[in-house]
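The two complexes that follow have subunit A in common; it is paired with subunit B in the first and with subunit C in the second.
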Partner chain A sequence: MSAVNPAFLDELEAYGENAGALCFNCGTCAAVCPLDGGHFPRKMIRYAQIGAVDRIREESRELWRCLHCGLCTQTCPRGANPGEVILTLKRLFAAEWRKS
Partner chain B sequence: MYEPKDIIAILANNVRKTMSPFGIPKSMVNGWWKEESLPRNGETLLVTGLMYQLVPFIETATTWLARYEDAKWAEYLPYSRFVPPRLSGLGLAMITPAEAKRKAAGHLKNIVKAMRASGRRFGYQPELDEYSGILLYDLGDQEGFVRHAKRVAARLKGAGVTSIVTVDPHTTYALKVLYPKYADASFEVRAYFEDLNLSGAHAGETLSIHDPCFYGRYLELSGASRKALGNLGYACADARRSGLFTSCCGGPAESISPKLASRIGAKRVEALGGSGERIVTMCPICLHNLEKAGADVTDLSTVLAGGLKTA
Partner chain C sequence: MSDLKQTASGGQPASGCPADEARIGVYICHCGGNISDHVDVEAVRERMEKMPGVTVSRTNMFMCSDPGQESIMEDLKSGLVNRVVVASCAPSLHETTFRAAIARAGGNPYQYEHANIREQVSWVHHGAPATDKATRLISAAAGKARLLTPLTPIRVEAQRRALVIGGGVAGMRAALDLAAQGVRTDLIELSPYLGGGLARLDKLAPHGEDAAGIVRELAGNILSDPLITTHCQARLTAFGGYVGKFSVEISPASRTARAQEAAPGAFVPGKGVLGPAQAPGAPERFDAGAVVMATGFSSYAPQKGEYGFGDNAEAVTLPRFIEELKNAQTAPDGMLRLGSRPVRSLAIIHCVGSRQIPGVHEEGPSGHLNEHCSRTCCAASINAALTVRKTFPATRVYELYRDIRTYGRGQEEMYAEASAEKVTFLRFDVESPPEVVRVNGQYPLEVRVRDELTFGENLELPVDLVVLATGMEPAPIRDLIDMLKLPVGADRFLLETHPKLRPVELPVAGVYLAGTCQAPMDAGEAANAASSAAAKAGALLRRGFVELDPFVAEVDPARCKGTGACVDACLNEGALRLQETEIGGEKVMRAVVTPALCLGCGACAAVCPEGAINVSGWTLEQYEAMVDMILSEAAFAVTADESVSASPEPAEAAV
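For the complex of A and B:
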């Protein structure tokens, strides 16, 4: 079972502005995303919301498939800025790699 | 798909050492201006950000990366780590075709031609024209991006630059939005097609416009390119997704997964091809990726400069 970190979204703010908490999991972002199928980026936003850091880490390569095209952000009905949440997650891991 | 960690490490290292993501000396990348007799000073400074100039090298690098991306023996041999570092520096410069470099230079010359015909008074100082660092930003290497952006901004500020005209969406976004936020540097930044004053009579030709994400969505400039074309008499057809809702060409995925970039490019070409009109875009990355996906794509600068001949 994966550990969860309820404070993860707050901690993520050190790496960028993000409004992931506003997401109500509707899937509009995944429907418009030009990446092929799947539940990206909705799934990652959900993991971030519940603090499933291990799951994000396991699937972290997926983050770099993101084109940072912003179509998800443009269409998100909640203003949750999913594209920016993905970029912020990339920053988190990239910063860890720099330190390692 | 290559390991993001490896790709970021290579690109960041190149940028830190050479100010270029591919580690190629600027003298080998940026020579287009030599035949243009450009003044050094003007009302605004032309900053290309070297994106058009770098695309031929990106083309070469991604062709090689694509060859090894899903190689069966990649899991036995560390090829996925072995290939990317070879695709940097002088080695990459040597295997990049001269014709591709000439084509990229041609776009910049056409931009200059259109600006001159519009009476724009701009200067160009090649020593101040640097890569913006946008790829590091997009890949999440915030520390690497901020350090580089501050270096570039310090040079521009040190030279007293306040107003900049740009030629591609990635550099425009970096200088206009990211530099004020992260590099403590605010310039007045305009894309070259925002202030053109051209006229012509091309009634009858309709163009199918692919808005690059940064111009169409992030910077909301899709109206400006259509206006410049409209003034020359062209009609513009919108693809199903355009303007604020434009769909990506796939190009940004190239450094990590050339195959993913190709798949997305093919989907976009299909959507753009529906009207049967000539496809026009205004970004070197889009141009390259849509062409690679099989489309016949024309850069906005070619249309604008071509329009002048018969104007």
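For the complex of A and C:
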């Protein structure tokens, strides 16, 4: 059991315009992503929506595997811009690293 | 050929004289291969041509096409035929097409018989047996056609007055549309208020119209229209008659619920516009030509313990929440407060009392499960969530859904807007619904959900409020269903005659459906259905009369002995009765039919010991002729020699 923290999306807005609020979890991005396996990038966006920042941190290596090919952003039916969400999360962790 | 001259000179329709010998035309349809791929249509035509009474037999690729109909009409006009048999698809598709063609040619549309050789033959049989079965069915039709007499439709005078039952958005829309067509209309409403379910709502999804404003406008127009009489706190207490002339009785209902302080015509928030109450005392009786059912819906009442309802003051229904939200004041901190209690976060649970599944959900006190989708709650929930997020941005909103069904114009955009406003959506499986638990923490309640969007993880939502998006159930109108003999679907809503072809009509002619008595609808859809119902009812009443098929019971006065067996067997009260008449100076009882009430079922014909009653167009004699022709080998005897197609029993055919 983990508690949901929707305020995380507000915090994330400091790192980019697209924090993933618009995503309705259809999974099209994961289907077209050239990276193998799992639910990337939808998984990261979903974790961001419910504020599961620990989960994102646990699996943050995946963020740096992203090729930024833009396929997910091109095909997203909701205009949620998944590629930008991944960049936003990268910026968050880069900022955390600098602070530490 | 002599037949030809006979009608050409007289200028009378060939079928006009019942003494005319039967000249049957048999018209066999290929149905573009649907029939002719399996039935040897030409062989059947040749067989039929040689049948007694048949003067011509023709085939056509599509008998329902203009050239197909023309061939029938030409034969009628020339006098070659005076009775028509069409062998094609099911009569429900084109029986009326061919009857109308006969009428256009000047014939009697009731000297017609239909043989279904598509659904009953070519779609289920193949080869020689198909051809032979088609032959037998058409022979039977021809056998009956020989005995068909000309009939005239029953003409019923129609009262130019309509009754609308229910004063919600559908009832008011229907009444206004009827009045606009010049039809005097009485609207009855059980409660003291006009407005129905709409009066309880706020800004409507998805475009934000003001519900109270719509109710005010409709009710204002109703109350000022000289053709509309409004009877609030009234109920229908008796109903009889038939289309064009229903006799209705309206009685005052109990007056406990009336708001004493409000003046008539005033809008009472959450209730509607106070309407004129039915005068106490004796019931009011009048005749109405048509009735519009606009009895609306009831909101599902959650069972105690369902998602914490009844056990926690913080668990409320969506209709209740919408009412409370209307009165909520904005605060500088941007937090929603209900009463003085701040709502830091709230969870809306979808599909409460809708889409229930046998074996998963428990039946409520009604003993029924609501297996239907209530259609409006997704948009209403998202609309409420959006209102909260925009007006009270410090309040967090969770939506727990099974499926989102934002189907109408603008609804999908509203759903996207709610996402953009950071409403958190979570999806649960019906087998593992969310739990609402009382906790001793910062928040009074916790919603625990296995979220399918987060790969089946168990999530906890701390909340101050749980809102249950309750669905729609049919209003409790058992008395009306029994009184008007209305059909009810498996979902307990009123059931239309046909969902596509006759969507606001009922099998009871002259009674129409408007709004949520038929199915869950939003206000726009209810108004749409109401306008349809009013247009149908208006079209019926403006003609001043109604024509009904003459397939009703007819008494042979020479044979009736007044046993009353038919009256006992009759299924529709009032269709048959015994009447005293004088025959040869003696007072006797004789059966009398009220044609407009007769269902044409034939129960009377089956029980009459004297054989004195028959259904016109379907007499026992005609049935016997059909049975004789089904068993007859006459059609096969002529074709066996020509070996067009194999008869099932060639030995017998040769005899």
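In this section, the second predicted complex is superposed on the first by the 95 of 100 C-alpha atoms of A that agree within 3 Å, B and C clash if a C-alpha of one lies under 4 Å from a C-alpha of the other, contacts with A are read in each partner's own complex, and residues count from 1 in each chain.
FYI, a contact is a pair of C-beta atoms (placed from the backbone, for glycine too) under 8 Å apart; a residue touches a chain by one contact, two chains touch by 3 or more.
Keep in mind that what you see is a predicted model, and the values were worked out from it rather than measured.
After superposition on subunit A, the partners subunit B and subunit C are seen to fit next to each other with no clash. Of the two partner chains placed around the shared chain by superposition, subunit B is the only one that A:35 touches, whereas subunit C remains out of contact. Within the superposed three-chain model, A:46 lies in touch with subunit C and out of touch with subunit B [touch as defined at top]. Looking at the shared chain after the overlay, A:6 reaches subunit C, while subunit B stays out of its contact range. For subunit A, the partner with contacts to more residues, out of subunit B and subunit C, is B.
Superposition on the shared chain A places subunit B and subunit C such that, viewed from the Cα centre of subunit A, they span 120 degrees in steps of 10.
Minimum Cα separation between subunit B and subunit C in the superposed model: 23 Å.
Interface residues of subunit A facing subunit C in the complex, by the touch rule stated above, are 1-4, 6-7, 9-10, 21-25, 39, 43, 46-47, 49-50, 52, 78. On subunit B, the positions that touch subunit A within their shared complex are 1, 3-5, 8-9, 138-144, 213, 217-218, 241, 244-248, 250-253, 256-257, 260, 263-264, 267-268.
The touching residues of subunit C, counted against subunit A in their complex, run 396, 398, 404, 415-416, 419-422, 424-427, 448, 451, 453-455, 457-462. Those residues of subunit A that touch subunit B in the shared complex are 15-16, 34-36, 60-61, 63-65, 67-71, 74-75, 87, 89-95, 97-98.
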